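What follows is a pair of complexes built around chain A, which joins chain B in one and chain C in the other.
Moving on, here comes the complex of A and B:
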């Protein structure tokens, strides 16, 4: 049997509530991490997964304390150790790679210094040797020109580069155990795939054990040997990664896997009702009882114990796992989208370009924008009534910029945005009349920030009703209740404040507010990316239902290609503010594709250990679009030569009506891509 | 960078211009003028006319503003009414005295404020924090005229250690002035130190809760090294601007303390010249105090810019 390096025994961590009650964040966790293995800890936000990972370093956040149990490393309990001794273990024996490297690197210290600090603390190297080692480490995490990177400050690097620096810093002490807390969340899809590939390589290369914490089963599937599923502070399922992903025997994992949209399936995934109980609200019974499809009477009052099944090498916390054992191949059923596409054009963008360049004084006086290389250029899209069109691309691709211009938050530099064939919307907010404002509504990414924390749900939804329709008194109230019901929230939510709602509920309120204006077009800006997977499926289903009821048109911006595949009729792929490919979603997801679409598709992480991401292009960050030629020339692996650098590629149209903007003939593209 | 400095200096000059206009217009709008004040009951007929001619008040207002401004730029603010002496000579010793008072308060107050702020933040909610915080909040809430009066009562009257009020000529030498400033400095430093210590405390606490400090702990950085390398440089940057404002306040705003101690500084001069309706001096003081605020703030902004790598690159990129 392989050596155990970290032993967690009956660990409970919690805090004292204002009433003096002990509230548990982690409940009686026991698990072992073996030498050389990668363990994935997966769970939704609030499941206690990060608290567990930090406890494995002997670190408990301010306000929390250890109630019971221990984390044993080298046969000593880290949670009882003095800070002096912990300093010798942290960074040297156990190292952490944080979620948000941009926040986790000290802003006033150069990259080189921060790595050097770890080396000084945890190795006996002399100064020149350390300098050598810093270069080596930066090379190992594949950062270009290590010497110059070492002299930079953290904010001068891109998100992916910062994350690599964090990896290099963690490797500096040659630790036996690496803890990774959502290391790729917040990175672009392609960057994420590259960082994961790097981590896999490091695990193999150094033989380090890893604990990989994430909410994303797709990322977990790519790296882990074993998976621990957490729910509400407990381990509900633990076992070999392949079995858990292919034949999950716990209803929560089963539901979770079913609610993840997949590239191979069009249509909306099934959602799991409800949300995870808040810490402190659970008293007896199974914590998953409310949301479980397999629950019985006894689950309500008795908590199931974690049971070890010898033959599967899996532990499960469920009374009814047997019923899932026989039939748990995930037959993902999807709710097919019924689209009632009308031929009527509702929004037309022609030759739209948008610039963020600062206006020079003369231009300000003449009220014009002069920028020969604007952020967004040559956007031509026709949107039909009742259609869902998705704009996809990495950060910086201009997708949100286009949304802002349609909403009127940003002036266009050129081109025309036309509503309903005759109303010109190219002007910004100030020049639009109230009706023009009403017809287009926005739903933002983060409902925490888009809902006023000092307004009740009633006030939030009442605002558009008062503003656009002048409703008052009883009628206003009736309309609010009506809208709340439409987004599946009860009447009693009216008096609540946003902070009293869960993430999914908040986003429902935001959806209700958008629909209150009875808009023709709703702009959805990454509406599900701040939500947990199980909640995401529910919000997507809700949006679809509302669309069928009201005939609304959606313009849906997302970086997640699987989500886009699930909800949209048509997809537009953007790179550096230029369109690369536009077509019906089923065709965009098939070859031939624009080389950039190919890159994006290759980088999608599926919760399946057998589907590996394909890394087609480097994850370089380009600051500005190229002056001439194809927008993707800097990263394209299929670049032909001068023609791509000098001439804007022509639109080529496939048989199924998919338009691809590339110099390479479609037949050749297809031949290359299928091989 | 150079462009930025020039731009900021220009903006500062525009601010000063606007301030001078406002004070000039303000003094014009007020009923009465220098001559009516000076002549009091005799302010009519021939005498008034003569006074107007002598002071040059018989020309249109804009002409007077231009000539006043041109002279002011060269440091000549005209004549004070009450003393019939050049304002330049009135101001000189006052500025010196205010500088002495301010620098004494700064050299004593700022180091203490920093230490108290850092100590309370690092021992947050523990005994040192509770004790010091109670005292600082207490010191913040007592108005300076009360603490000043109490100081005079206890130290000057009961104990007879130090002079209670300053009864020396305005232009005494530094050494003669020294025993006189101890009590005013204590009175000012108390309130100033308390405010700054609270500010430093909250700034350090905020940085201590940041992800990069958590990361430094998880990297195994020893506590004090973490405090000095990762916490303080980031926590004290915002303090620069607060220190700047405090210095400006010390030079012209400590009116109450100066009056209580009869200290011949700029603050007291403001009160005196207002009550004497000495409008030329009021104008001069407004411009001088405004220049002090503008230039000290400019210096503070430039220092922040130099010390904060994030702002530095942003500026260069633009």
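Moving on, here comes the complex of A and C:
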């Protein structure tokens, strides 16, 4: 039997509320981390996964305290240790890789110096040896030319590179246990795939145990040997990762896996009703009872114990797991998108370009924008009424920028935005008349920021109704209630403040506010990325339903390609503010033809240990688009030569109506796909 | 929806909100002390004309510099006037003038700050440079100039103090607005086409109000000190109006043998300043502006 390096025993962590009640964040957690294994901890936000990971290095957040239990490492309880003794363990024996490496690195110290500091603290190497060790570490995390990287400051590196540096620093003390708290969450898809691949390599190479905390089952599937699923402070399922992902025997995991949109399946995933109970609102019985499809009478009053199943090597907290064992396959019942496409064109962007460059004085005086290499260029898209078009691309691809310009929030440098075939929309907000503003509404990424915290739900939804339709009194109230019902919220939500709502409810209020204006076009800017997976599916389903009811057109921006696959009719792939490929999503996903689309789709992580991401191109980050030629020339693995560097590629149109901007002939592009 | 009754906090009336804030303030010892002192002073200011035992300007040469006694609780001053009467009346002027001064400071400073923060660009640049220029003038010199040109009447003092103490509020309000306008709900209001006025009134003010009120409360105590300094220098209210600054100034030469005539106004002034400061601190904490005392999680 392999050696156990970290033993968590009956751990409960909580805090005292204002009323003096003890509120538990972690409830009676017991688990073991074995030497050399990678354990993934998944759960929705608020499930206590980060608290558990921090407790594993003997750290309890300010305000929380250990109520019971211990975290045993090298047969000593970390939670009872003095700080001085903990210092010897942290970094040397247990190291942590934070979520946002950019914030974890000191901005005014060079990378080399920071790693050297870690080495001084956590190793006994002499000065000359340390210098060599630094480049060795940087090499290990596959950073190009370690010598130059060591001399740079954190802000001179890209997000992925910063995360690699954080990994290098964590490895400086050659730890036995590595804790990773959402290490790839803020990264682009392609970068994320590369970092995960690196982590896998390091786990094998050094034999370090890893605890990988994430909400993303796709990422967890790629790295972990064993998975712990947490729900409202409890372990609900624990077992080998393949079994858990393929045959989840706990209803929560089952529902969670069903609610994740997948690349291979068009249409919307099933949503899970309700949301996770807040800490402190525990009742008797199973904490998942309210949302469970398999619940029985006894689940209401008796809480199930974690039961170890010898034959599956799995622990499960459910009375009814047997009924799930028979129903082993995840039958993904998918609500197909009903496309209510009309031929009428509703929005037309032609030759749109947008620049962020700082304007010279002369240009300011003449009130013009001059920039020969603007951030966004040559955008030509026709959007039909009732269509959902998605703009996809990595961060910096200009997708949100284009949305802002359509909404009138950002002046364009050139080009025309036309509504309903004949009406020109000015790119300046002040020049648009109220009706032009009404027809285009926005839904934002983070409902915490897009709803005024000092307004009630009623006041929030009333704003567009008052502004555009001048409603008052009873009529206003009736309309608000009507809208709330449309987004599946009850009347009693009217008097609530955003802080009293859960993430999904907040986003529903934001959706209701957008629909209050009776818009023709709704711009959705990463509307689901701040939400938990189980809630995400519900919001997507709602958006789809509303679209069918109102005939609204959506312009959907997302970095999550699986979500885009689920909801969109058409996809436009952007790189560095230039279009690469536009086409029906069915075709783009089935036969990705543009080299960049291929890279993007290859890097998507699926919650399936058998589907490994394909890493086609390097994850370099380009600061600005190339002056001439193809926008993707810097990273393209199929570059033809000078033609790609000098000439802007032509549009090629496939039989299925897919437009591709590439110099490589269509036949060749598609041939390679099949291989 | 079975989970709906988790959040039971409903919309409260304004009265309920204010009383909740006051209760939170008073539940902390420092807040309780501050509030008690402030309330004591305010009540005293209201009732002092009715409870004052003597006429504040009645000069009686035979009673010069009497030590405290049963008849004259705080003794008498160099003109034979009752110090107790003058002390309880002295807070009245100071409180009234500085209270209205702070209101003016809050109004113009807060609104200008919010406006600059929202509009940004050149307007913001120009206005803020002017504010900076005013900030660099020592306020006491400027006040002395204004008072000597326009006289020391209440109508001059209140706006002058309000103006000079509002400059600092402009910066605070502008900074608070900057925190808010980056948020998407402002972008959303802009995209809907709301007017600047509507954005300021509906979206920004509810979010920066707390920060500005706390700043205003702090300014109040500084203004009180400033106003008393002016009186001390002889540029505040004019004799024989009872005023703490003036009383301290008159009696400071007699401190060595008639300490009572100076101690009473000093205690009055400093306790009021401490009271306002403690209240402002407790106010900030009750509103959750002070980060160090935020509840965990």
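Heads up, the rule we're going with is that the second predicted complex is superposed on the first by the 673 of 675 C-alpha atoms of A that agree within 3 Å, B and C clash if a C-alpha of one lies under 4 Å from a C-alpha of the other, contacts with A are read in each partner's own complex, and residues count from 1 in each chain.
What we mean here is this: a residue touches a chain if its C-beta (ideal position, glycine included) is under 8 Å from a C-beta of that chain, and two chains touch if they have at least 3 such contacts.
This one's a predicted model, so the numbers in the text were calculated from it and none came from an experiment.
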Contacts of A:62 with chain B and chain C, given as first, second, both or neither: both
Partner chain(s) touched by A:239 [first = chain B, second = chain C, both, neither]: neither
Which superposed partner A:609 touches (first chain B, second chain C, both, neither): neither
Touched partner set for A:159, first chain B, second chain C, both or neither: neither
Contacts of A:497 with chain B and chain C, given as first, second, both or neither: second
Chain B or chain C, by number of chain A residues touched: C
First (chain B), second (chain C), both or neither touched by A:374: neither
Which of chain B and chain C A:278 touches, first, second, both or neither: second
Where chain A meets both chain C and chain B, residue numbers: 62
Chain A-touching residues of chain B, taken from the complex the two chains share: 209-223, 229-230, 233-234, 308-310, 313
In the complex with chain C, residue positions of chain A that touch it: 15, 18, 25, 61-64, 274-275, 277-279, 281, 290, 407-409, 429, 432, 434, 437-438, 440-442, 444-446, 449-456, 463-464, 467-468, 490, 492, 495-497, 500-501, 513, 517
Chain A to chain B touching residues, read off their complex: 54, 57, 59, 62, 83, 86-92, 95-96, 98, 100, 103-109, 117-118, 121-122, 153, 155-156, 166, 169, 173
Chain C to chain A touching residues, read off their complex: 1-4, 6-7, 9-11, 183-185, 187-194, 202-203, 206-207, 295-297
